[in-house]
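What follows is a group of structures, each given as structure tokens.
One chain, subunit A, appears in both complexes that follow, with subunit B as partner in the first and subunit C in the second.
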Partner chain A sequence: MRSARPPMLRVGSAVALPLHPRSLLWTLLLLAALLAAAAATLCLGRLGVPLPELAGALTGDASPAQTFVLNRLRGPRLVVALGTGAALGLAGALFQSVTRNPLGSPDVIGLNWGAGAGAALAALALPGVVPVPLGALLGAAAAVLLVTAATGTGLRHPGRLIVAGIGVAAMAAAFTQFVVSALARDQASVLAAYVNGTLSARSWEHALTIWLVVALTTPLLAALARPVALNEMGDELADSLGASAARTRTSAITLSVVLSAAAVSVAGPIAFVSLTAPQIARRLTRASGPNLVVSALVGALVLTLADLAVQHFPFADGLPVGIATLAVGGVYLGFLLVREWRRGVL
Partner chain B sequence: MNQTATNEKTFAAADTPTGRGLCAERLTLGYGAAPVVRDLDLRIAEGEFVAIVGPNGCGKSTLLKALGRVLRPKSGRVLLHGRDIRAQRSKEVARQLALLPQNPAVPESITVRSLAARGRYPHHTLLRQWSPDDEAAIGEALELTGLADRADTPVEALSGGQRQRAWAAMILAQRTGIVLLDEPTTFLDIAHQYDLLELFADLNRRGRTVVAVLHDLAQAARFASRLVVMDAGRVVADGTPGEVLTADLVHRVFGLRCDVVPDPRTSTPLVIPHERRR
Partner chain C sequence: MTTTTAPPQARPARTALLLGGALLALGGAVLLSLAVGSKPTTPGQVWAALTHTADPYIAAVVASRYPRTVLGVLAGAALALSGLLMQGITRNPLADPGLLGVNAGAMAAVVTAIALLGPASTTATVWWALPGALLAGLVAYSVGGRESTGGTVRLVLAGAVVSAVLTAYVQAVALSMPEVFDHYRFWVVGSLAGRGFDVVAAVLPFVGVGVLLALLLAGGMNALALGEETATSLGANPTLVRSGGLVAATLLAAGATAAAGPIAFVGLAVPHVVRALAGGDFRHRVPLALLAGPTLLLLADVVGRFLLRPAELMVGVVTAFVGAPFLLYAVRRMRETA
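Now for the complex of A and B:
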């Protein structure tokens, strides 16, 4: 029989954390891929800093034009993309695990669109009164409560969750369009930002917001990873193992709402990164549980690559990245719906 | 067999008179307004194999959940080794008492070994998610359930009988003195039913206290040292299978006319239902 002892992260005798070898391998590979995608984001195209000069430019040896590109155009955009993708991946991993349902993702059940509506309202109707991130948070929370109330069975039944989510998402999107067309009629780019999500014209302030939220939630996520995994076996078993199922679920949903709201407040309701990242992560690692680290890395990579694609897409200059993820992710959602329907889950 | 330190302590204290074991005191349980179990008293001593039987909806699963600290009583309390189970930390309880519910969900892409390893959760802390006993506990659980050579197989790929054994491995790895089982043999074919019950009887002989909700009266009588019969939320009979399982009781509780004859092999009572007269 093979040894039962997994590889372990040890710090003296106080810390012993078992590591999953495939997850470790993919963490390293994804970090390398992220580095490459980041370099490509800064280097490609007419305005890009040529790769040989990149290291020098980043350490302070940049021409004024390069400084402008790195500091104002692509630098903040890249940093926001990485943080937002990670936040969306984490939010999706938590929510899918807690609902025991691959379709129970924040972007399928209307949470992101609720956050978008809240952000639009805060930014356009109440500028300076309600900060945009707070508006997004309230919108996201309202969407979750609406979905939970509308299903009549909480967050348990996948089919009802999706139907209620579609309704809430449609209402939220309609509300957003109403706010935008009433108050910012002339600005198509504003509409795009609040309806689809975009990463163009991001500032360091946006970058700070999203990374601050990711950093502050990380210790909580680390503490929650194991209880969330136990919840996948059912409430009774989780309770009997000493991990309170109800408390775990409330904490995980709260964190998921906070992460989604933060992502939406800096980049709009970008679709389907939350849905796909955790499932790609699961296929890569073949590990049970919520796969938080790898889901975050996959989310960051997916969003960075999608943004890279729209920045260099030949026919549509300035295409919002949310439209790209919507188009690709929509196909995946269709595939998933058919699969779950065939399995008799819906 | 190499027991853990906790279990050695448990067994050493077995004959002290301070109410070791599980004890329900005036327990009233329910989910909505109407109680399912009313004013129930039950004392389970260490080392017993207790089978709880009764008709559908009599409250036996509900009672098991309360004994396992999963359901909060409406009134009354459950004592574990003399202390209120709700006054103790949940992980502390989980180191002494394991519960296998009726339909646990198999997490996606989990292997048999990882499933067994989840039983070690109550022995861990946030920073120490691996304890020195883990390797031995998991290895032993896989040996006892006969799954040692399937350790790296995904649970989803197992047959029903093996899957139920994998869940058993998880609660064995938990290494508790008391094991609560809610209809562990449902959905298994007859060979796997006996197979699993033999496993729990064997654990009982090695010193674990086993409390199982069972449907099959013959199986309950054959494996348990004590039968607790419930009807409409109350205990209506309690004793050794030979004393308790009579034709009269089966008629009274289940509404089934029958003969009770001794099993030719084990001489435990067997229920032979009468054919229905029209």
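Now for the complex of A and C:
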């Protein structure tokens, strides 16, 4: 770490935010990339609105066909992808930061699959009784508790954490299979949605759910960013600086569970976005701490690009987006594992 | 795990008792597998059907459950033994053909073959499954299998990565060619339903050779459990035992997967139970696993038929739910250094 004080953004005497120029630069670049990916999502393909007409169509000057595409097909899908990717990126950044372990990510330890099982149960077994996001939340919480109990050492031991996560993920996936087989046996698309995660046929209601959760958690995240960053330096140091390590960990994991559950309840258990986004963000910014903003942007970009790929790649055409992230993220996880072993971390 | 404790002294009476009990349990599981289904039958009716004294309708109902029961026995024995061998070779209590990606490798190879060449006979399927299983196992082992601190976890993680990528591949292929894979929808999860005796006959030679090899290698595996040097000084050839065990484990896992699809956790759970019951001696553990594996798989299949009757739940789903807690249990018992 450099000893030079970072430049500060000051508003009056109340607000003083440290500025990390590299993070700022990447934030802007990622926003530009997101804009391009969003435009591509709306423009490409047979149904896409041609780029020159896009601005006009978005501001109300659209033909009925274009209105249908923007309002019903591509629009909600894009907005859900952005929100879900951001939520997954944030959840991963928080979790990886407090476990001090790139593999301590919600999708590696089975949290997303727990949420998926809860969502499937709420949607198929108790439709209308339990809202899907609540079911996902309960499932995710159950998964975290089960993993914590199985490790016996809380969430501190990376190896145990991950193996327990594999077991919990397998149980949750089996439970989801059971619920879907019992209640929606003939609907293969339902199975894909709950087992792999998909963004096809999303509505504005989904978009509202995910963005509401992201918006509501943003102030909490802002308040938590500093304690979480301190926590990375070790429990004792964090405690001595007045940020109780235990309390920080609990709050961060709770928020992470809420964000993952929201993401899963609108898009299903999408694999490995939580794992990859914070890692990419950290490499881009080279900043310590959870890198929340950049992680959220990378998450949104990764998911939007993956969704773009499954919509337009010749072989991937029409696949659930979760399969694409599973394949790409799986390779990345392998790369990450080998690197961690070389460093002797795991 | 308790790998540091020496194998306990052989207790023939206890082993005989265990084997007898396991045989009884297997007999019960077979009867249940023949009796439970969308048309429930009583054990008396099953017995009558077996002794050719039942009325033709009941006899036909029971007969329709023969293939899946025989397949359950075969696949259960193969998976349990495969897991036992893998745990012995890697000296890793978390080894399992499902967790190490071996089943996923077999499945990926089979799916590729079907996608390229169209539906094939089961025998051809097994021949495809073998290299896939071997390759996936070797990748997982070479990435994560080195014996050092943390090797236990590494192997499972490497297996999880291999499984994740291969599963994504299998699902992508299966979903993009629905007309080819409609028939395989249940197979992709692991199921004993809808297979005839031709499937059993096709995989029997592979499983048979695997079982024979395992029985022959049991003594060598005992020596191997004491460490490389001790094994050599005891007259065993560690390389031979290890490669023989790998071949046997692959044959067994590939055979089971080709017939029933990828079924995880049987290979993990059964060896743990067997070890708790019979101690460390492989000459006792191999036969006991041969009996306990089918019992677990058949019971899981029966539960799957019972839960959603008159429809049924794929057996792979049930074994994941029953077997995954064994993984959690093994995690709790892992040493701090692992």
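To be clear about the criterion, the second predicted complex is superposed on the first by the 338 of 346 C-alpha atoms of A that agree within 3 Å, B and C clash if a C-alpha of one lies under 4 Å from a C-alpha of the other, contacts with A are read in each partner's own complex, and residues count from 1 in each chain.
The rule is short, and it goes like this: a contact is a pair of C-beta atoms (placed from the backbone, for glycine too) under 8 Å apart; a residue touches a chain by one contact, two chains touch by 3 or more.
No experiment lies behind these values; they were computed from the predicted model shown.
Q: With the two structures overlaid on subunit A, would subunit B and subunit C clash, or do they fit side by side?
A: Aligned on subunit A, subunit C fits beside subunit B.
Q: Which angle, to the nearest 10 degrees, do you get at the Cα centre of subunit A between the Cα centres of subunit B and subunit C?
A: For this superposition the angle at subunit A equals 100 degrees.
Q: On the A-aligned overlay, A:240 touches which partner chain: subunit B = first, subunit C = second, or both, or neither?
A: Only subunit B; A:240 stays clear of subunit C.
Q: For A:182, select first, second, both or neither according to whether it touches subunit B, subunit C, the two together, or no partner.
A: The second partner, subunit C, only.
Q: Is A:223 touching the first partner subunit B, the second partner subunit C, both, or neither of them?
A: Once the two structures are laid over each other on A, A:223 reaches subunit B alone.
Q: Looking at A:287, would you say it contacts subunit B, subunit C, both, or neither? Reply first, second, both or neither.
A: After superposition on chain A, A:287 lies in contact with subunit B alone.
Q: Is it subunit B or subunit C that touches the larger share of residues in subunit A?
A: C
Q: Does the superposition put A:67 against subunit B (first), subunit C (second), both, or neither?
A: Touch status of A:67: no partner.
Q: Scan A:200 for contacts with subunit B and subunit C and give back first, second, both or neither.
A: It touches nothing on subunit B or subunit C.
Q: Would you sort A:168 into first (subunit B), second (subunit C), both or neither based on which partner it touches?
A: After superposition on chain A, A:168 lies in contact with subunit C alone.
Q: Tell me the contact category for A:323 with respect to subunit B and subunit C: first, second, both or neither.
A: Only subunit C is touched by A:323; subunit B is not.
Q: Considering only touches as defined above, state whether A:232 meets subunit B (first), subunit C (second), both or neither.
A: It touches subunit B, and subunit C stays clear.
Q: Nearest approach of subunit B to subunit C by C-alpha atoms in the superposition, in Å, rounded to an integer.
A: The answer is 18 Å, the least C-alpha separation in the overlay.
Q: So which bits of subunit A does subunit B touch that subunit C touches too?
A: The answer is that subunit A has no such residue.
Q: Can you list the subunit A residues touching subunit B in their complex?
A: Those residues of subunit A that touch subunit B are 1-6, 8, 14-18, 100, 222-223, 226, 229-230, 232-237, 239-244, 282, 286-289.
Q: Touching subunit A in the complex: which residues of subunit C?
A: It comes out as residues 94, 99, 143-144, 150, 152-154, 156-158, 160-162, 164-165, 167-169, 171-172, 175-176, 185, 189, 264-265, 307-308, 311, 313-314, 317-318, 320-321, 323-325, 327-328, 330-332, 334, 336, 338.
Q: For the complex, which residues does subunit B have touching subunit A?
A: So the residues of subunit B touching subunit A come out as 65, 68-70, 89-95, 97-101, 103-111, 113-114, 117-119, 121-122, 124, 126-131, 134-135, 138-139, 142, 148-149, 151-152, 174.
Q: What part of subunit A is in contact with subunit C in the complex they form?
A: 103, 146, 150-152, 157, 159-160, 162-164, 166-168, 170-171, 173-175, 177-178, 181-182, 185, 188, 192, 196, 271-272, 315-320, 323-324, 326-327, 329-331, 333-334, 337-338, 341, 346
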